[in-house]
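What follows is a set of structures to go through.
Two complexes come next, and they have one chain in common, chain A, joined by chain B in the first and chain C in the second.
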Partner chain A sequence: MAFQSYNLVNINNIKWIGFDNFTNLFSGSEQDDFKLALWNTVKWVFISLAFQFLIGFALALLLKKKFHGSAVYQGLIFFPWAVSGFLIGIMWRWMFNGTSGVINDILIRMGILDQPFGFLANTSTSLASVIVANIWYGIPFFTIMITAALRGVAPELYEAADVDGANVFIKFFKITVPSIKSVLMLTVLLRVIWIFNFPDLIYSMTNGGPGGSSNIITSLMMQKVQSLDYGAASAIGLLCILFLSVYTIIYLLFTKFTDSEE
Partner chain B sequence: MKGHQASKAIGKTIKYLFLSLYLIIVIFPFLWMLLTSLKSSQGEIYAFPVRYLPQAPSFVNYSSMLWKGNFSRYMLNSFIVSGIAGVGSVFIGILAAYVISRYRFKGQGAILFFFLFTQMIPMFIMLAPLYQMLSKMNMLNNIWTLALLYVNMMIPFSVVTLRGFFSGVSSTIEEAAQIDGCGRLRALFNVIVPIMLPGIAATFIFAFINSWNELFMAIMFIDVDQFKTIPVGLNALILKYDIKWGEMSAGAIMALVPTIILFSFAQKYMVEGLSAGAVKG
Partner chain C sequence: MKTRKVAAFLATIMAVSSTFVGCSNGTNSSSNNAQDNSGNVTITMVESLTSPERTAVLREIADKYQESHKGVTVNIISPPLENADTKITQMLQAQQDVDIVEVRDSTLTQFATNKWIAALEKYVDQWDEKDTLTTSAKEAMKTFQNTDYLIPYGFYHRAIFYRKDWFQKAGLEAPKTWQDIYDAGKKLTDASNSKYGYSFRGGSSGYQYADTLYWSYIGVEELANPNAGYYTKEGNGKTIFTLPKVKEALHFYKSLFKDVSPKDSVAWGFSEMVQGFVGGTTAMLIQDPEVIATCSSSMKDDEWDMVAFPAGPSGEAVSPNGFAGWGLTSFSKHPDQAADFLLFLSNSENNTYFAKKYSTIPIHSDAAEKDSYFSTGKFALYLKTEEQPDVYKYAIQPQMYEAFAQYKTEVDKKYQQYLNDTITDDQLLKWLDEFWTEAYKAEGKKW
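This part shows the complex of A and B:
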């Protein structure tokens, strides 16, 4: 289908058109949308990932030592995981609402804003807003994974370091990080693919808008599907599969590699 | 030494402060949805500056979703589809994972690789060709089609997860059962499955939740009201120019509750499973 003109709006004109769907994306009528979505995908994946990782890591360090109720705490912060990206998007769409949203209200009460601002209705803030929601959604995953890894580090290593008089930073970079390096790498690599495959949140928050400003590749594809332009949708889908395949093979090879290393 | 203790106490306070702050950030969106859903008048919902607590909590939004809208029907559909997906994928998963973990055969690595691989490529990427296939087979707008697709969607996950549980059960138990005269299948279902029950339950719950939450296939392949699932119903509300946030939030809360209840049962295993996976790599 990626090589056909296959639009259900123009159903009498379904035919083979070779690579036209692809050239449209890269240099033809669709190129602006497509390039914007590509660039947004890069930002979406890396900014979300960076914050999810850093905040998740920081929380994991706080959770490392078990305290009274720490299991319950971990359970509570893990709850968003059971909820679909679609519903999360709905919740954040309401909170970001430009006229009566609670985020506007909080920012005004804190004196950061003077008047309500349409975060999702402005091309300059729409992508940032969906990224904020995505960061919120992804932190618990890192926290849980990294906490487990941290608790697996042998305490003797820290005791030995204490005897040698090592300070907190030396302990962190010479013991903690090297010990959990492989877990960190694997989680990060795995998360890239999950964030890439996650248009659900964007779909229900902004549906890529306004004017495509918060579209990523997969949400652009969903729009093509919805406008019944299956030829273009399949072309984008095929590109995604290509990217995912290459990435997954690298990921799986890497997993095997660290396995045999241990 | 006193200074040391004091700084330790301050450190602890800061730690708990951060943890509590984060907990509030996690809970707040859910709480906000709940509060909105309990407000009865439009004026109250859209008031700005925001009024946080509902003046007179009421279930008006819930009852209008359930009885005026068709939400009770959608919930039933979601339960049917997700239940079939959970049972089906776990059943097939048990058989497949058993074979993969207990037999040695040619191409085994390739099969496992294939399962991991298909897990990485989400089904919505293939929506357009799927739509074409289903429409040619006259299978659109059919709740069983959706169930079948979800079984299919969850099989790779079930196989991979259950395989992990199988490797945790020693094969000597099963051999003992076979010496006592059990066939392979009987040994599997009478001896191994009961031992693995917690793991199987967790896998089922996960498959159920994922199917319950699935959106894109459902909105593409179902547009008859009587077969809609919850996400499709909510999607119809969100596509309207003027979203009714009171009803929307009531719908969202009703969609959330079953998954959160199930999740709290399976969570222990999921956290353990995830972290075990992390430690093993």
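This part shows the complex of A and C:
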């Protein structure tokens, strides 16, 4: 389909057009939208990932030790992961609402803003807003995985380090990180692919708008499906697979995943 | 190592197969329960402009039909409003079991070009109620290639809904012109209290509001044809987007957004703008009569009122003569039974009932006699505008062009970019001009 002019608007006129769908994306009428979406995808994936990873890791370290009410606390932290992406999108859309959203209300009460700001309605803040929602959504995954991994680290290692007089940082970088390295890599690898393939939030919060400013390439692909241009949507889909395959290969080579296992 | 090779091989197979998923041609029409052994018939109907209230009215009429036609079951499918037309297109393309489909003025060309809907002359010619159809209804039926591809269920004529209580408190008169909307809106806007003048529509189909402004600025006489509202009478496919007055109207359109509307409204569609008005965020709303029902049920009588569509500097108030109706699919397994139900749905009694419940302008000329609702109260406004044909005029986008389907999907994004200062007025107008000049070149004069 990616090499066809396949548009449901006129299905009597479906024909092979070679690479036209692709050239259209890179140099034709779609190039501005596509390049913006591509750059947005990079920001969307790496900013989301960095914060999800750091905050998730920090929470996992806090949850390592059992404390009074830690089970309840754990349950609360995992909550976002259990909710569907669309629901989260709708929830955050209300929170960011430019007339009666709770975020605007808090900022006005704190005296930071003097009148409501349309976070999702502004081309310069729409992407940042959906990234914030995505960070919130993705933290639990890291917390769950890393907590599980941390509990598997033998306590003897830390006792031995204490005997040697190692400080917290040395223990962290010499014991904790190396012990759970494979889990960290696997989760990061998985998360990049998942975040890349996660247009649900964008779809329900901004639908890529306003003016395409919060589109990533997967949400652009959804829009192409909605506008019934299946040829262009398939072309983008094929590119997604290509990007992700290349990414996976590079990542595995770079981290020498195979070596660390054998 | 061996297991890893096997795993890699399997992964490759999965990746490759997933890329070919899209390559089937998707004509797997299933024939599940259209007709069971006992001879029972199921008619499936898909609606587009869905609302829970409207679905209930349709269900009521369908139940009435089922009672008088034993063995016939009418099944109503209501996809979510926002993507309903996309969903319908996919169902029609896959030739799923659908017999009756809601056809809108904006989807008619697409459905008929693709031969998904059937011509209805065979049934309409023998219909005993065809003589009471209004002229507008007859014209609407023949919109595409002079063939009856649908029977309209009603017309949507837009009007201004405004907060009577806010206007009285501020000592303002009901708005008559676009400028009045801006001036009153400016007075009523108080962003720190989340109060705004106007329910702006910047999301899906927002361009239609810009279009009505253009027409109200230049006047319908400048158009080649009111049904092809983007072309000027100069001919040769010259578009309205190069006219200085259109640029002026576009600037006014932006000032409505910037000065008197909520910031979020850049993404507002139908439900958000109505919600904004009913929920007490905005003071004015321009919408179809179907909103009357929503306002009546959610607001007190002294809180709101309606006035006719606003006039522009040309002295004309130009709005689209929007319509929608029901069509019969070309692949229906029970076309005769489905057509019978379609005519039942469109008969004077049922259509008048539907129009009253759903607040559309009915298609039979005897509706006002049948029900005084259409000659008194809020609806009387529409009768009054009919009496001033030199002020209240109709025009519509060139929907008969195949390019229109593509245009619809791209144009809102362009306007949003303009409203957000990502592109300039000249860039937007150039894009519009080029798009429709190109469409004229490719498809010729179609009106």
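Throughout what follows, the second predicted complex is superposed on the first by the 242 of 262 C-alpha atoms of A that agree within 3 Å, B and C clash if a C-alpha of one lies under 4 Å from a C-alpha of the other, contacts with A are read in each partner's own complex, and residues count from 1 in each chain.
Note that a residue touches a chain if its C-beta (ideal position, glycine included) is under 8 Å from a C-beta of that chain, and two chains touch if they have at least 3 such contacts.
What you see is a predicted model; the values in this text were computed from it and never measured.
Asks: Does the chain A-based superposition show chain B and chain C clashing or fitting?
Replies: clash
Asks: Once the two complexes are aligned on chain A, which partner has more residues of chain A within touching range, chain B or chain C?
Replies: Result: the larger residue contact count on chain A belongs to B.
Asks: Quick one: classify A:213 as touching chain B (first), chain C (second), both or neither.
Replies: second
Asks: Looking at the overlay, what does A:118 touch: chain B (first), chain C (second), both, or neither?
Replies: Second partner only, chain C.
Asks: In the overlay, answer first, second, both or neither for which of chain B and chain C A:76 touches.
Replies: Once the two structures are laid over each other on A, A:76 reaches chain B alone.
Asks: So in the superposed three-chain picture, is A:234 touching just chain B, just chain C, both, or none of them (first/second/both/neither)?
Replies: A:234 sits against chain B and chain C alike.
Asks: Looking at A:144, would you say it contacts chain B, chain C, both, or neither? Reply first, second, both or neither.
Replies: Touch partner of A:144: chain B, not chain C.
Asks: Which of the two partners, first being chain B and second being chain C, lies in contact with A:200: first, second, both, or neither?
Replies: first
Asks: For chain A, what residues appear in both contact lists, the one with chain B and the one with chain C?
Replies: In the superposed arrangement, which is not itself an observed complex, chain A uses residues 1, 97, 99-100, 108, 116, 225, 230, 234, 237, 241, 245, 258 for both chain B and chain C.
Asks: Sort out for me which residues of chain B touch chain A in the complex.
Replies: Answer in residue numbers: 15, 18-19, 22-23, 25-27, 29-30, 32-33, 36, 45-50, 113, 116-117, 120-122, 124-129, 131-132, 209, 212-216, 220, 231, 234-235, 238, 245, 248-249, 252, 255-256, 259-260, 262-264, 267, 271, 274-276, 278-279, 281.
Asks: So in the complex, the part of chain A that touches chain C is made up of which residues?
Replies: My answer: residues 1-2, 7-12, 33, 97-100, 108, 114-118, 120-123, 206-207, 209-213, 223, 225-230, 234, 237-238, 241, 245, 258.
Asks: Quick check on the complex: what are the chain C residues that touch chain A?
Replies: 4, 15, 18-19, 22-23, 83, 86, 89-90, 93, 110, 113-115, 191-192, 194, 196, 202-203, 262-267, 276, 281, 402, 405-406, 408-410, 413-414, 416-420, 422
Asks: Within their complex, state which residues of chain A touch chain B.
Replies: Chain A reaches chain B through residues 1, 6, 59, 62-63, 73-88, 90-95, 97, 99-100, 102, 104-105, 108-109, 116, 136, 140, 144-145, 147-149, 152, 182-183, 186-187, 193, 197, 199-200, 203-204, 218, 221-222, 225, 230, 233-234, 237, 240-241, 244-245, 247-249, 251-252, 255, 258-259, 262.
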